[in-house]
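This is the structure I want to talk about, given as structure tokens.
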Amino acid sequence: MIYKLLEALDQTFGFDQAKAHCDIPCGIYDPIASQIAALTVVRMIDLMTDLEKNRPEAHVAFINSMARYIAVKEEHAEKAKHEVRVIWGDYLKQQQLEKYPDAHALVHKIMQLGSKVRQTADRETAVQFVEAINQFAQIFWETKGVTTKRAKAPYKPELELVYPNL
Amino acid sequence: MIYKLLEALDQTFGFDQAKAHCDIPCGIYDPIASQIAALTVVRMIDLMTDLEKNRPEAHVAFINSMARYIAVKEEHAEKAKHEVRVIWGDYLKQQQLEKYPDAHALVHKIMQLGSKVRQTADRETAVQFVEAINQFAQIFWETKGVTTKRAKAPYKPELELVYPNL
Amino acid sequence: MIYKLLEALDQTFGFDQAKAHCDIPCGIYDPIASQIAALTVVRMIDLMTDLEKNRPEAHVAFINSMARYIAVKEEHAEKAKHEVRVIWGDYLKQQQLEKYPDAHALVHKIMQLGSKVRQTADRETAVQFVEAINQFAQIFWETKGVTTKRAKAPYKPELELVYPNL
Amino acid sequence: MIYKLLEALDQTFGFDQAKAHCDIPCGIYDPIASQIAALTVVRMIDLMTDLEKNRPEAHVAFINSMARYIAVKEEHAEKAKHEVRVIWGDYLKQQQLEKYPDAHALVHKIMQLGSKVRQTADRETAVQFVEAINQFAQIFWETKGVTTKRAKAPYKPELELVYPNL
Amino acid sequence: MIYKLLEALDQTFGFDQAKAHCDIPCGIYDPIASQIAALTVVRMIDLMTDLEKNRPEAHVAFINSMARYIAVKEEHAEKAKHEVRVIWGDYLKQQQLEKYPDAHALVHKIMQLGSKVRQTADRETAVQFVEAINQFAQIFWETKGVTTKRAKAPYKPELELVYPNL
Amino acid sequence: MIYKLLEALDQTFGFDQAKAHCDIPCGIYDPIASQIAALTVVRMIDLMTDLEKNRPEAHVAFINSMARYIAVKEEHAEKAKHEVRVIWGDYLKQQQLEKYPDAHALVHKIMQLGSKVRQTADRETAVQFVEAINQFAQIFWETKGVTTKRAKAPYKPELELVYPNL
């Protein structure tokens, strides 16, 4: 039944559009926002781990910092997920998705990783989160016909991000 | 390469969980929020169409109402998309998704429809948006082992929504 | 003096409207959003209590989860209060309120309980919060001429919610 | 039945508190935020009326300004309602409310006026909105034992606001 | 090069406006929002310090309150910074700034203090934050030709705030 | 008096920090978010101008699109201003600012341009807005010892942005 619904929708509304266009209100699509947000998640985990090891004397100072790191981790994990969903849901059209049959699964995996990095303070998961989003960024730039390179981000944590060649 | 990444992630982090659980901070999952939001989009289009036909004398009164309907349409289309993304991305796990191989495509279609209802004031698209979300709600309740029924929503527009049998 | 003000306002602006209508930008009114939010508050308290009893070894893991539960409890207590205020303030008109002389006091009590469930982690208060909102939902459906039933919510905590018969 | 519920709640949870205290996360209560927001609503209506009379040549310039005024009117009407709800719902306790038996009705009226000023561009309603909130501010300061005065706000529209004598 | 850019902008766009006007969507400018927010930061620090000294027996009750105080401190420190930025960036024009050559440095200092009060629970810094904003409020009222006075705020912490003479 | 205050603050709190560090909750600083937001403002103006020239037949379709472009322009102008304020207020310390004596004036100019692009649909002002933020980005990367280049953004409007050499 879902198959019939999808067919009907395609015929009626012509979603198979060749060129990507701006969907607004999203404006301009760029995965960098998601990549920086995921990087921030790793950064927060590093700060949390470091704070736990080197606890300040005053308990209030400790809890104040820890609570803030956790809140920022929450915010940026959600931001990373949202930005990816917007590019995948609004920008990527059927035609492009046919070239990337694993795209849906990749995006779903990004969402799952995004949940996990919120529920835990596990750095390895967070690094995987960054890498999955890099994969997605790679696909994005390819659909726009822009070549990419990998380079260390110019701030901690200095993980590699996929950047467009401009 | 994406395939290898997905394999590696599955082995390391064990995402194949049999039972759904609350991911928090999302708390409790229920598609009704998304269904009501999509219904609101149809309602706004009806109000916009009606206002255009029966323009108040004062132009300021006309534009004040039109602008507000458009803003609410925006807000609820986005809300509907977000709520679906949360259930799909956080709640639906690999095991459940294997039973619904069209789930990813359905969710992507919901996102596309959600963009279209923002860009236009086309009622037919908005009704399709509600229906696609009903389909998604159907899947959701099935994964929880809860039977469903269809019934008219108790407010305008009185379209059918999928409801759990409680 | 307040009495004179209220009289004057009634005469000038005709708030005694017989039928409820959509106030937009609120669109469609349904207390379910508030009921689910209040249920989430109880859920968070249960998770907090459980986490305290079964503390993970790693302190960072413990504080990460506890902080997130508290944040979600905050967010949903406020959401529940807001949704009730919107229905009470925008939808319920003088004519309907005359049939329910305790409505104002009930809504004020909901606000007070909503504050208390934020300030504490007391499950009993949170259950009373859910019940007070059920009472409000009951009133709401009656004003729309829709009969209701009580049924266990299909997710934890499986407390009874008031549902419309559709 | 509601009466019994209210009685039971009062006995169990001791809401009859003599002194007001900070409920946090709201922190410090002050009606000025609501009063300024309501004043802004009047200001926007004045700007909308003025713009309609003196339409710029370029239609885009006209619609750009009109849309922005409407959006600000929306935002501040909601803000005014929210701030009043917070003081009424969180700060005013049963004991204080017994001295002001019309308080609930006044707050409900403020909500109704707040809806009306969003749905229309009627200055008279907006001025009544400011005045109703002034009444509420009066009650607030009385409960704190602070005398008040009326003075013109130091910005357009220069309506009278109730200010505490400090 | 920056100097040339600034010159060019001034000539083209005429920013040297003698009178302040409402920039909307900000509507009406008043530093009181920022002052109350900064006061709230001090209040939260006092509550955090007090809670640390008088820890409730139940650890969950302790952490629930501490986390909430920290979250409110965050929110209000940011709010105070934002409100000052809006008045400085939108309302203060070049002409007024020429009379106050230290204004930029003062605003930057407010931002720095606002960051520090988030990162710490140091009351002295928070009191300096309130005072710096008082200085800014003083400038604001002077540009509007309104005289000011200092008076204790009518809520805890009862620090002095700069108030306009109305 | 302000001068004495600033001196006292400097001595007490040691703001003259040599190295930049992450202030959290902002995490990682990167002006790209502000640059993309400013670019979006130009894009919206282009879409608004284009829509005005090529009005769709249906008035509702016209107003629906125009209102959405205006709303996005609003949102991104504010976002661009906010991101710049965060880098300037949180990241740039006194020591760095001494090397850039025009930084405060440049940031204030960015705020003024940001207001103007909201109040108008003037493309030239919006292009100046992008350029002023490019100037700011230039300063930012210099303080981090990272060289930059200019390149056309890979999406419309294809204006030049300052990019770090990675």
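Lettered A, B, C, D, E and F in written order, each chain numbered from 1.
Note that a residue touches a chain if its C-beta (ideal position, glycine included) is under 8 Å from a C-beta of that chain, and two chains touch if they have at least 3 such contacts.
No experiment lies behind these values; they were computed from the predicted model shown.
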Number of hops, chain B to chain F, where each hop joins two touching chains: 1
Common touching chains of chain E and chain C: A, D
Chain at maximum distance from chain D, centres defined as averaged CA atoms: A
Taking each chain's C-alpha mean as its centre, the one farthest from chain F: C
Inter-chain centre distance, chain A versus chain D - centres from mean C-alpha coordinates, in Å: 40
Inter-centroid spacing, chain F versus chain D (mean Cα positions, whole Å): 34
Between chain B and chain C, centroid-to-centroid distance (C-alpha), Å: 23
Interface hub residues of chain B, defined as touching at least two other chains: 24-25, 63, 67-68, 71, 74, 118-119
Interchain contacts (touch definition) - all pairs: A-B, A-C, A-E, A-F, B-C, B-D, B-F, C-D, C-E, D-E, D-F, E-F
Footprint of chain E on chain D - complex, ascending: 22, 24-30, 32-33, 36, 39-40, 43-44, 47, 68-69, 71-72, 75-76, 144, 146, 151-156, 163-164, 166
Parts of chain F lying in touch with chain D, wherever the complex brings them together: 48-49, 52, 63, 66-67, 70-71, 74, 118-121
Chain A residues within the chain B interface of the complex: 1-3, 5-6, 9, 12-13, 15, 23-25, 74, 81-82, 85, 88-90, 92-93, 97, 102, 104-106, 108-109, 111-116, 118-119, 124-125, 128, 131-132, 135
Residue ranges of chain C in contact with chain A within the complex: 58-61, 63-65, 67-68, 71
